[in-house]
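Here the structure is laid out as structure tokens; the discussion comes afterwards.
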Amino acid sequence: MLELLKQEVLEANLALPRHELVTFTWGNASGFDEESKLMVIKPSGVSYDELTAEQMVVVNLDGRTVEGELRPSSDTPTHLELYRRFPGIAGIVHTHSPWATSWSQAGMDLPVFGTTHADYFNGAVPCTRPMTAAEISGDYELATGNVIAETFEANGISPLEVPAVFVHGHAPFTWGASPADAVYHAVVLEETAKMGSRTKALQPDVSGISPELLNKHFSRKHGSHAYYGQTGKEESR
Amino acid sequence: MLELLKQEVLEANLALPRHELVTFTWGNASGFDEESKLMVIKPSGVSYDELTAEQMVVVNLDGRTVEGELRPSSDTPTHLELYRRFPGIAGIVHTHSPWATSWSQAGMDLPVFGTTHADYFNGAVPCTRPMTAAEISGDYELATGNVIAETFEANGISPLEVPAVFVHGHAPFTWGASPADAVYHAVVLEETAKMGSRTKALQPDVSGISPELLNKHFSRKHGSHAYYGQTGKEESR
Amino acid sequence: MLELLKQEVLEANLALPRHELVTFTWGNASGFDEESKLMVIKPSGVSYDELTAEQMVVVNLDGRTVEGELRPSSDTPTHLELYRRFPGIAGIVHTHSPWATSWSQAGMDLPVFGTTHADYFNGAVPCTRPMTAAEISGDYELATGNVIAETFEANGISPLEVPAVFVHGHAPFTWGASPADAVYHAVVLEETAKMGSRTKALQPDVSGISPELLNKHFSRKHGSHAYYGQTGKEESR
Amino acid sequence: MLELLKQEVLEANLALPRHELVTFTWGNASGFDEESKLMVIKPSGVSYDELTAEQMVVVNLDGRTVEGELRPSSDTPTHLELYRRFPGIAGIVHTHSPWATSWSQAGMDLPVFGTTHADYFNGAVPCTRPMTAAEISGDYELATGNVIAETFEANGISPLEVPAVFVHGHAPFTWGASPADAVYHAVVLEETAKMGSRTKALQPDVSGISPELLNKHFSRKHGSHAYYGQTGKEESR
């Protein structure tokens, strides 16, 4: 079942330590099959050097395991909530990558400080509000997905144009058109978070680039007027 | 004698440079056998690429070498004091890993800035008080163990729930249920110290996560209600 | 056509990830043949591990592709403008290397904080002004080249003596006597930008070295009185 | 002539990039033979991956090349001045390692923030005064050695107990009982400069460890009461 997607999810998970985004087992990637409405995700607490495609767990949108011997990632309810709330995404990555996690811990949005950011994210990367005691003591992982979706909905941010978020006091999630695309955005987020920290250290009052420059760079790589790469569309890999 | 533990202690020592926690010989790992009340520790000043299991030194709780040709680590009295004062621990690691050492040098506790910290340490990682001239001129390494234990006892911190400390003006010690577990905590401490420094640089007034979020993450991985990993118990490696 | 230059441009492009100056495809190198007035440049959006010399695109100074199957880098008009405005340069490199990009994002010139800088750049590395909405909505990549050239002309800076610039809110460009020389300067810029950030963190009011020390180091490696290396001329590699 | 020392100097030079202390050719190591009063030093501007023992240049204390085809390092007069002024040292290393260079550029002494520092340097690592225009325009490299020696003499610092210096606006020099010992101290300096920068970022008013703790750690590894390592003497490698 979904052998191709399992392979893609395996490769996305293996890409996380290769890009130095995870320590130990602190991260996971999933993929979503739009047709069958099934999610494939990493099993919980298995180290990356032992992972195989067969170990990937298939879960339906209600959270029931429909294939797989192992328990799915403990972050499964968060992933499912994002697939339900953000139509059109087909891959999610969660890591504790150190620069992005520092922005999560600081509880700050990452402004558009430069064109590296604008090439991939059409606006600031938002940080969620802190979760309430009730959310934490209830269905915590589901509530994590909810607070992410709420952040985008309440602020009118398109999750397809800003495929990344900082969960307050926790760490980042990124997503995209495929598991590999979500990994790509996790790398971009870590790189822009690093450069953002260093930019603020040099110039604490920096305000970021103009709306015109943001729009120019984002539209150079995305949408009908794109002209980057060999096809005029963004090439993520 | 204690061949298995010697192998574990050797592997723990070799893991330190692999995790980029030590420069030259600036670190050591030990293990404790609860039944025989004997400690196995790295010999002093031997570089990691020459270490063998046979070189490990076996010392009793009074500090007498009961097996081994080489002189034990000069930090032996510190390790012994921690095994005496912290019942239930069976592995200790000391390094001068750069981020954690910077917190030691700054003389500051590491607050719980995020869930990465909360997954392993149930509260702030404390920094000891500076040692007195008398402690330094007396049995210095023993006094180092004493000031660590005092820090936990005076502040009511459980060494089993917060398995890490910064020695003021010196460097960190971590411990755990085995030598490998102590290494694991040394990696976690370096990573959280790094993210803590970067969090404070972004947001100097950051106060850290709520008690509810700390408790949720710590208990998700530890204790009878744990549900992370394949067994519901924490899997450290 | 220009087989040797294609090979040099290929090698310059491959050197960028090896020196950890680029993530994914975020960078490009070109070379210029003074005799034929033709530029060789990396194709757009092709990843470094697939690049071959045959894929390099040959473009004339009017921007017309005269050889090559692939679309040239989207930054082609910027490169061409620099070859037109800075006579004597024969290689250009553009990256989003993180330390230099942070200075671009901060919108700051990099002062001459030490002799490492003075060995290669005869004065501060300037940052351009922000580009106007009209420049951005028009021929953006051409305007990028223009704002770089304007920065040097308006401030009387010699592009041969200061072969590097920060584009405001974007990232650095460097150049030199060959594609390899431009790569060399990209490495120097990243290293001096890193040390500059750390210098300012230690000493926010630091003013930089004296004009005498700048002149001594620059002239020790450049010009008729050079005495560094085996020939008395700078050896870049 | 001096084949053993040439081999040691070669190995010291090769250790510099391996310890990530140099970029390109930005560093050099030398050794001094007390009996013959001859120095062996790296040739100028030769890259590390091409260096051989035969290329090492032998120079007498007056600066005359007594063996070797290549021109010696342009920093030769600095090295010679240090061997003349600091009796008892037999190896010198100069690098532009980034953390130590940042302290040089900031023009600041590195205080004794912790025991890592105290294990090797018996006091703050000093930064020289800026050099005068006359010194720079005269015999510059000789004057560099002179300003280093002056810094130690004027402040009563023993170069054998504090084997490292920051040259103002330039970069560090370290030395020791052999070329390998000087490399060792260059690594220690870079590590302590890194931790010092991070310590100050956390706690700008940090004052450093007590004189008792400094003395305890320095004497634990040096002098007649040393008890670290297998012999009771410091083991540098």
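Think of it as A, B, C and D in the order they're written, each chain with its own count starting at 1.
We take it that a contact is a pair of C-beta atoms (placed from the backbone, for glycine too) under 8 Å apart; a residue touches a chain by one contact, two chains touch by 3 or more.
Just so we're on the same page, UniProt names per chain: A, B, C, D = L-ribulose-5-phosphate 4-epimerase.
From a predicted model like this one, the values you see are computed outputs, not experimental measurements.
Asker: Return the chains shared as contacts by chain A and chain D, ordered by label.
Answerer: A chain counts here if it touches both chain A and chain D, which gives B, C.
Asker: What chain is the most remote from chain A, judged by the mean position of CA atoms in each chain?
Answerer: Taking each chain's C-alpha mean as its centre, the farthest from chain A is D.
Asker: Determine whether chain A and chain B, two copies of the same sequence, contact each other through the same residue numbers or different ones, counting it as same when over half of the numbers at the interface appear on both sides.
Answerer: different
Asker: For chain C and chain D, what's the span in angstrom between their mean Cα positions?
Answerer: Result: the chain centres lie 33 Å from each other.
Asker: Residues of chain A that touch two or more other chains: which are they?
Answerer: 201, in rising order.
Asker: Should the pattern of chain-chain touching be classed as line, ring, star, complete or other?
Answerer: Ring.
Asker: Identify every two-chain combination in which the chains touch.
Answerer: A-B, A-C, B-D, C-D
Asker: Sort out for me which residues of chain C touch chain A in the complex.
Answerer: Per the touch definition, chain C meets chain A at residues 23-26, 43-47, 70-71, 74, 96, 98-99, 101-108, 130-131, 133, 136-137, 140, 169-171, 197, 200-201.
Asker: In the complex of these two chains, what residues of chain B are touching chain A?
Answerer: Listed in rising order, the residues of chain B that touch chain A are 113-116, 184, 187-188, 191, 194-196, 198-199, 201-203, 206, 208-210, 212-213, 216, 220, 227-230, 235, 237.
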